[in-house]
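Labels run A, B, C, D, E and F following the written order; every chain starts at residue 1.
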Amino acid sequence: MDKQESGIRIIGVLVLIAFFAAALLAYVNKITRDPIARNMKEETKRAVRIVLNTLGEIHYPDDPALKKLNDFEARYFPAVGKDSALVGYAIIVKAPNGFGGDFDLMVGIDSTGKVLDTYVLNHKETPGLGDNMKKEDFKKQFRNRTLENTKWMVKKDGGDIDALTAATITSRAFTSGVKRALLTFKALHKGKQK
Amino acid sequence: MTDLALIIVSAVFVNNVIFSRFLGLCPYFGVSKKLDTAIGMSMAVIFVLTLAGTITYIIQTYLLVPLNIGYLQTIAFILIIASLVQFVEIVMKKVAPTLYRGLGIFLPLITTNCAILGISILSVQFKYDLIETIIFSFGSALGFGLALIIFSSVREALDTREIPKAFVGAPIAMIVAGILAMAFMGFSGMVK
Amino acid sequence: MNVKEKLLKSFFVENPVTGLLLGLCPTLATTTSAENGLGMGLATTFVLVSSNVVISLLRNVIPNRVRIPSFIVVIATFVTIVDMGMQATLYDLHKTLGLFIPLIVVNCIILGRAEAFASKNNLWDSFLDGLFMGLGFTFSLFILGSVREILGTGNWLGMALVPGDWSTILVFVLAPGAFLSLGFILVGMNKIARVIEGGK
Amino acid sequence: MLQLRTFKRGGIYPPHEKLSADAKIIFGEIPGNLLIPVNQHIGRPLKITVKKGDAVKRGDLLAESTGFISSNVHSPVDGKVLKIFRFPLLGGLIREVIQIQPTEPGKSFKEVLESDPYFDIDIGSLTPEAIRKRIEEAGIVGMGGAGFPTHVKLSPPPEKKIDALIINGAECEPYITADHRVMVERSSEIIKGIKILQRLFENVPVYIGIEENKPDALKILDELVSKDGDILIVPLKAKYPQGGEKQLIKAVLNREVPSKGLPMDVGVVVQNVATVLAVYDAFYYNRPLTERVVTVSGNVVNQPGNILLPVGTPVSYVVKKFEIDVQKVRLLIAGGPMMGRTSHSFESPVTKTTSALLFFDNRVFAERRENPCLRCGSCLRVCPMGLDVALYTQMIKADKIAPEAKDHIQDCIECGSCAFVCPADRRLVQWMRLGKTIIRREN
Amino acid sequence: MFEIVIPGLILAGFALISASGLFVASKKFYVYEDPRIDEVEELLPGANCGGCGFAGCRAYAENAVNNKTVDPPCPVADAEAMQAVARLLDLEVEVKEKQVATLLCKGTHENSRSVMEYYGIDDCWAAMLVANSLKACAFSCLGLGSCVRACSFDAMLLKDGIVVIDEEKCTGCGMCLQACPKNLLFMRPVSGQVIVTCSNTDRGADARKACKIACIGCMKCEKSCHQNAIHVNDFLASIDYEKCTNCGDCVAACPTNAIEMRGQEVYVTA
Amino acid sequence: MEANGVLIMDSSPLGRTGESTRKIMFTVCLTLVPALAVSVWMFGWDAVRVLVLTAVFTVGVEALIAKFSNTKIDYLDGSALLTGILLAMNVPSNAPWWMLLIGAVVAVVIGKQVFGGLGQNIFNPALVARVFLLISFPMQMTSWPLPGAFDGTTGATPLGILKTEGIGAIKTIGVGDLAMGHIGGSLGEISALALLIGSLYLFYKKYITWEIPVAFIGTVFVFTGAFYLINPAQYASPVFHIFTGGLFLGALYMATDMVTSPLSFKGKLLFGFGCGFFTALIRLFGSYPEGVSFAILFMNAFVPLLDRYFPDKKFGMVKNG
C-alpha cells in the first residue's frame, strides 16, 4: 500500500488518534461520572433501606460515618424516624475469615440493640454454599437477637447459631460479623446515651 | 517477607491466573501443543509480565492518579504494553537474535494476552505497593508458566494416545484443563 | 451468501469461540449464568461493531507501521465507553462482569477482526462482519452460560428449573466446570458445523 | 561349583522346554530338491555365478561376495541348477533362491560328509591373514542368528585392541538344543576351532559362556580345557537373553558395550559355538559352510531331535523325516520362540542361520490381539537394554518419535523379553522394529 | 472544554513518546525480512502437509522467495494459486495437469487368496517385517492402510483388502507414495483413464497362480495399441500417458482384465 | 504339502507369560476384599449398597459407550469394575444413588473414555470422579456415617474434625481406632490395616512397587511430623495423619494406578514425594480437610514430565567406551 511512510506521518496519525480517543473518553466520562457515583451510593443506600425496612419511614445521611473499635473498624448510618428521633443504625462491618476471605456485611440494628436484618454487600463465598447466607432461611434466625441474649457462636462451637449446611466457615464469619456490628452499636449507643 | 511469599503462593497455586482468574487463556490453549514452545512462551511471559506490571504501576501512581484521569487506565495501559512489547521485540531481534528465536517469536502473542493487562489492572485494584506489584506480577507469570508447562507436557503425551476423533484437539484440551482446575481447587483457602 | 446463511455460519462454523478458540477468558470467566454470558457477549458485540466501523473508516489513513497500536487505541476507547456506560446504567451486571469489561480490549477476536477484516473492507461489510462475529460470540456465551447455570444452580435466566431441595452440580458454576462444559460444547458445535458444511 | 555369572539389568525366565537336549544329532538323506537362498548374511548382496542348467559339485561356488562385508554361498551337494526365482524364505520374506536338483537324492548325508578329506593342519603355521582369508572363502557367517560375515567380525580395526574372545554357548532360547548337542558331541573340534581363532588376536584369553541348564556340556568342556590355562569355561545362570552378546559380555567380563557400540569397543569378539565349529570344518576338512545342525521340536513333534541338514533343505523334508502331522500345524517358527520368525510355507529352505524348526498347534497360540498398553512397566523392568519400551512404542504408533528416543530405539536387540511379559499382548518388538525402519527411512 | 482537551493532550503525548520510541527503535534495530515471504505464505493453502518436501508452508514460502523458484510446485495449491505466487516473484510457471494417486494393484481378497493368518500390527511397514505379502501375490497391496493414514485429505479408504482412492479428494500431494512400502502407488494425470492395475513382475504362469487379474505379460495389449503407448517389461505392462488417448483397445485385448478403464462417461476416441 | 488351513504369521516373540489385563484388574479387585469386608462390618448393608451400585454403574456406563462407539472396548476387562470399587471406597456409605451415578459417569466418561479408554487416560478416573463429587456436593461428601452407628448418625471424619474444630477435638482418637477402622470416613478410608494386608499380594505380584507408597506415606509423615514438633498444640501428630483420610487407600491403590503414574524409578519416587508433599500442604493449610485426592490428581499431570526428564538409566550409557 503506502510505499513511503514518513516518520512524521506515522507518529502524527497515532498521536492524533490518541488525542481524539482520549478527548472522546473525557467527554463520556463527564456524562457518566455522576450517574456512576450515584449508582455506587445507591447500592449502599438501598441496602440500608432493606436492613432497616421494619422501621417505617426513615432518614439517614448520604455517606456513612466511621467508627473504630479496638480490633476492627465499622462504617455506619444512623437513621432517624419521622420525629427526628434516632431509631436505629445500619452498620457495615467486615465479616472475618470467610471461605473466600473477608466479606462486607451490613447489619440493621434498632435503637434497643436488636438485630433487624442483614445484607451481604460483596463476597467471594461459593455460589450454592456460602452464598446461601443471603437466603431468608439463614437470615431469619438472627432477627431480634441482641448482644446479650445470644451466645455469638455457631452451634458446633458451642453457640446458638445454626450453621448453613456444609458451610460452617461462612457461618462463623457471618456470625462474628453480626457480633462485630452489635459491638459497634454498643459503643455508639453508649456515647449517645451520655 | 512472609507476606511476599504468600503473594507468590497465592498467585501460583491458590489464585492461579489460568485456573482461578481465567486470564491468558488464548495463548494457554494456543501455544501448549508442544512442550518446547510452552517453555519458551513461559519465559517470555515471565519477562514481559514483570516488566509490564512494574511500568503500569508507575504510570498509574505517578500519572493517572495525580492527574485524576483514572478512566484512561485501560487505554493508557494497553498502549504502554503494546509499545513495550513491540519495542522489546525489535531490540531483541537485533541485539540477541538467538534469544529472539527462543522467546521473541512469542512476543506478538503476548500483546493480546489478557493476563498482562488483567494482572496490571488487578495489582491496581488490590492496592499493592511497588514491591508487591512486582512480586505479584512475577508470581502470576510463574503460575501461568507452571500451568502452561504441565498442560503442554500432558498434551504432548496425549499425542501418543488414542483420543476419540470427536475429542481430538480443543475439546480434550478443555477437559484436561477442567480436571487440572479441579486439582488446583485443592489449594483453595490456603491463603486467605 | 445471504444473511441467513452468514448468520448460521458465524454461529456454528466460524464462531469465534467454538470455531476459532479466541476470546476464551471472558467466555469462561463470565458464563456462570446465561444472563452474564449474554451481557458480556453484547458488550463485546458493541465494541466489535463500533471498532470495526471506525477502523474501516480510517483504513486508508492509518499507516501500516502503526496499524496495530492505532487499532488498539480505537478499541480501547470503545471498551472504556462501554465500561463507563454500563457502570452508569447497568450497575449490577457491571459488578459481576468486573475485570472482564476492560479486558475486552485484549479479546483476541476484536483485534483479529480489525486486522483481518475491517482494515481491508468497506464500512457496511465491516459493520456486518462485526455484528455477525459479535452475535456468534454472544451465542456461544449464552449457550455456555445456560449449560453452567442449569447444571450448576438449577436455574435458567433466574428461573428455578428444579425443585429447591435438589442438589445441583456445583462444580459447573466453578472454574473447572467452565472448562469441562466448553469441552463438551465444542464437540457438539463441531458436529453441527460439520453437518452445516456438509449440507452445502 | 563356581559362582554363576549373569547380567544384572532386566531379563526373563521363560520355561526352558529343551525337549531335544538328550537327542543325538542325526544325519538325514540328501533331499530331492534344494532351494538355496542367494543372500543368507547381513551385508552386500551377492552375485550369482551359476545359471539355469549348470551342473554343480558339492562345495562349488553358487554366488560370490561383492565386497568386504559379504559372504559366499556354496552348493552342499552335487547336482544341477534347475531354476533361479523368488520364493518365500523362512521368516516370510520373499527372496531370490537357486533351485538345485541333487544328482543322488536319498543318499545318506553322513556318507557325503565322511567322504570329505581330512587335513591335519598345523595351527601354529597359519598366519592371521590366511585364517581370515580361509574363513571368508568358506562363506562363514555368524550362526548365532544374525548371519554377520565372520571374517569381518574377526578383522577389527587396529585401534580396537581385542583382549578377550567369548564363545557363546549360552543358548538361552527355549526349545533350541543345537549348540548344546554340538558342544557335547563335537567338543574337541570346538576347542580346535577356538585355537584357530585365538591365533588372530595373539592368543587372547577365551571364555566359553554356557548356561547352567547344560551340565553335560559344561562338564565335557571343562575336562577338555582344564589343562589349557587360557580357555575358561564360564557357567552362567539360565536367564534370557544371556546369549545376547552385550548381555554375555556384561555377564562374563562385567563390561558394558556402549550404546550404538560394538563388542570390539570394549575389546571383545563374540562368536557362537557353531560358528567356531564351521571354522574348524573350514580348516580341517576344507569345507565351506554348507550345512548346519537344526533342532526340530514343538508340541506337535512326537520325537523332538537335532539333525544336521544341508543348507537349502526344504521344511517339508523335515516334516517327513520327523513324521509330523501337518494337519495339526498352525505355527511354524524358524529359530526359537523368543526371536524366531514365523513362516507360512513348508517349502521354504533351511539357511546358514536356521538354528531350529519349531512346529506348534493352536494350543500354544491362543488368539492374542493387541490390547491397550496399561503402562504397567513390566516391559521396562525386563528389558535388558533398560529401554522405555512402552513410551517408545506409543510414540512409534503415533508416528511422533521424540528425537531423544531415536538412539534408544536403535539400541533394541529385539530379544522379545518385553513382549513376552506384556499383559496387554502388545507387539512391542514389531513396533520397535517398525520404529527402526522409520528412523532409518528418515536418515 | 479544558477537561476534555487536557486528557486528550496527555494521551497524545503518551502516544508521541511511544510512537517515536518505536520509530527510532525500528530504524536503529532494523532487520530485513522480505515482506514477500508473508505474501507468498498467504497464497499457499496452509495445509502444512509437507508434500512439497519443506517443513510446512512457511518454509516453502521462504525457499520460494529466497531462491526465486516455485519448483517443486506446491502439490496442494491449485494452478491459479501457484501462478499468483509466480507472478509475485516475477516468474513464469507452466501449468501442470492435476495428478492423482493410483493404486497399481487389484489384489482384493477375491482376486488374490490370502496365504496366512496375520496377527501382527496393522501397519504395512510393520507387516513387511513379518512377511512380504499377506496374499498369494508377492506384489500385492497389504491392505493395512499405511497410505490411508498418511493422507491428510481423507482421500483413501480400505476396501476388500486393498485401498481405494477418491480422485476428487486427492490433491496429488504424494504423501501416500512415500508411505507405501510396496511402491504400489504412483501419480498419473487425471485425464489418463487407462490403468494397468497390477505390479506383478513374475512370469505369466506364476503371476496367474498368484492372482486372478494379474498381468501375465502376454503382450496382447502392446500389439493392440495403435499409439505405441503401452509396453511390457519384466512381464508387466505399463502405460505412457503422454501417448495414451484413452481409446480402450488394450482394455479389450487383455485376457486377464488387468487393464482397467476409469470414468467411461468422458470417453474420447482418437 | 498343505497345512490344514493357513499358517499363523506374527512377530516374535511367540511365547507369553500368562498375564493379562483382566487378570491384573481382577486380582487388584480381589485384594480389596479385606478392606471391603471391614467396611461392610462397620457400615452394614449401606456399604454393600454403595459398592454394588457403583460397580454396576461404572461397568454399565462403559458397556453403553462400548455399544455406541465404533472402537472396540472390552467393558468386562475389570478396569471399569476396579474404578467402580475404588470410587465406592471413596464416598460415604450413605451417598444417595444419583450421586453414585454421576460419579460413575464422570469417572468413565471424563476420566477415561474421552482420552481413548483403558490405558490412555492421564488422570486417575476414580479420583476425577471423587474430586468432582467433592467439589459439587461438599455437603454430602463431608458428612460421614459413623461406623457401627446404624441409626444414621453422621459426623465428620477425624481430619474434618481437626479442620473445623481444632486439635483438641481429636485427642481422644487412638492409633488403634485409626488402624482398625473405628473412625468416621468413606468406605475405604477407615481401615489402613486391611488395605495394607490386601496390597501385600500386589507387591508380591509386582503389580505395584514400593517406591510410590513409601515415598508418599514417608513424605506425609516427615512433613506433618515437622510441624508437630514445632507446635504440638496446633498440629496433629504424624501418626494421626498417616492413618487418616484414606492415605493408605491413596498411597497403595490410587497413586499406584499404573496407567496414571510414572514408569521410571526416579519418576516414581518424585511422584510419591509430590503426592505426599501436596497432601500435607492441603491438610495443614488448605480449606479442604483432606488432600490425598487433590494431590494425586495434581501429580498425575506431572507424569509426562517425570517420564521425560527422569528416565531410568539405559544399558550402554557409559562414559567413554
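As a working rule, contacts are C-beta pairs under 8 Å (C-beta built on N, C-alpha and C of every residue); 3 or more make two chains touch, one makes a residue touch a chain.
From a predicted model like this one, the values you see are computed outputs, not experimental measurements.
Enquirer: How many hops, at fewest, get you from subunit A to subunit D via touching chains?
Expert: 2
Enquirer: Any chains in contact with both subunit B and subunit F?
Expert: A, C, D, E
Enquirer: Starting from the Cα centroid of subunit A, hunt down the chain whose centroid lies farthest away.
Expert: Of all chains, D has its centre farthest from that of subunit A.
Enquirer: Calculate how many whole Å lie between the centre of subunit D and the centre of subunit F, each centre taken as the average of the chain's C-alpha atoms.
Expert: 48
Enquirer: Roughly how many whole angstrom separate the Cα centroids of subunit C and subunit D?
Expert: 69
Enquirer: How many Å are there between the centre of subunit A and the centre of subunit B, using C-alpha atoms for each centre?
Expert: The computed centroid separation for subunit A versus subunit B comes out at 32 Å.
Enquirer: Counting in whole Å, what is the centre-to-centre distance of subunit B and subunit D, each centre being its mean C-alpha position?
Expert: 60
Enquirer: Where in subunit B do residues touch two or more other chains at once?
Expert: 69, 71-72, 75, 79, 83, 86, 161-162, 167, 171-172, 175, 178-179, 182, 184-185, 189
Enquirer: At which residue positions does subunit E touch at least two other chains?
Expert: Answer for subunit E, listing residues that touch two or more other chains: 6-7, 10-11, 14-15, 18-19, 22-23, 26, 115-116, 119-121, 126, 129-131.
Enquirer: Give me the residues of subunit C that touch two or more other chains.
Expert: If we look for residues of subunit C contacting two or more partner chains, we find 65-66, 69, 73, 76-77, 80, 84, 168, 170-171, 174, 176, 180, 183.
Enquirer: Going by the touch definition at the top, which pairs of chains touch each other?
Expert: The set of touching chain pairs is A-B, A-C, A-E, A-F, B-C, B-D, B-E, B-F, C-E, C-F, D-E, D-F, E-F.
Enquirer: Mind pulling up the subunit C residues that touch subunit B in the complex?
Expert: Subunit C residues touching subunit B: 21-25, 27-29, 68-69, 72-73, 76-77, 79-80, 83-84, 99, 102-103, 105-108, 111, 171, 174-180, 182-184, 186-187, 190-191.
Enquirer: Taking the touch rule as given, give the residues of subunit D at its contact with subunit B in the complex, in rising order.
Expert: 372, 391, 394-395, 397-398, 400
Enquirer: Help me check something: in the complex, which residues belonging to subunit F touch subunit B?
Expert: Within the complex, subunit F touches subunit B at residues 69, 71, 110-111, 113-117, 120, 122-123, 128, 131-132, 135, 278, 281-282, 285-288, 291, 293-295, 297-298, 300-305, 307-308.
Enquirer: Mind pulling up the subunit B residues that touch subunit A in the complex?
Expert: 69, 71-72, 75, 79, 189, 192
Enquirer: For subunit E, which residues count as touching subunit F in their complex?
Expert: Its residues touching subunit F are 114-121, 126, 129-131, 134.
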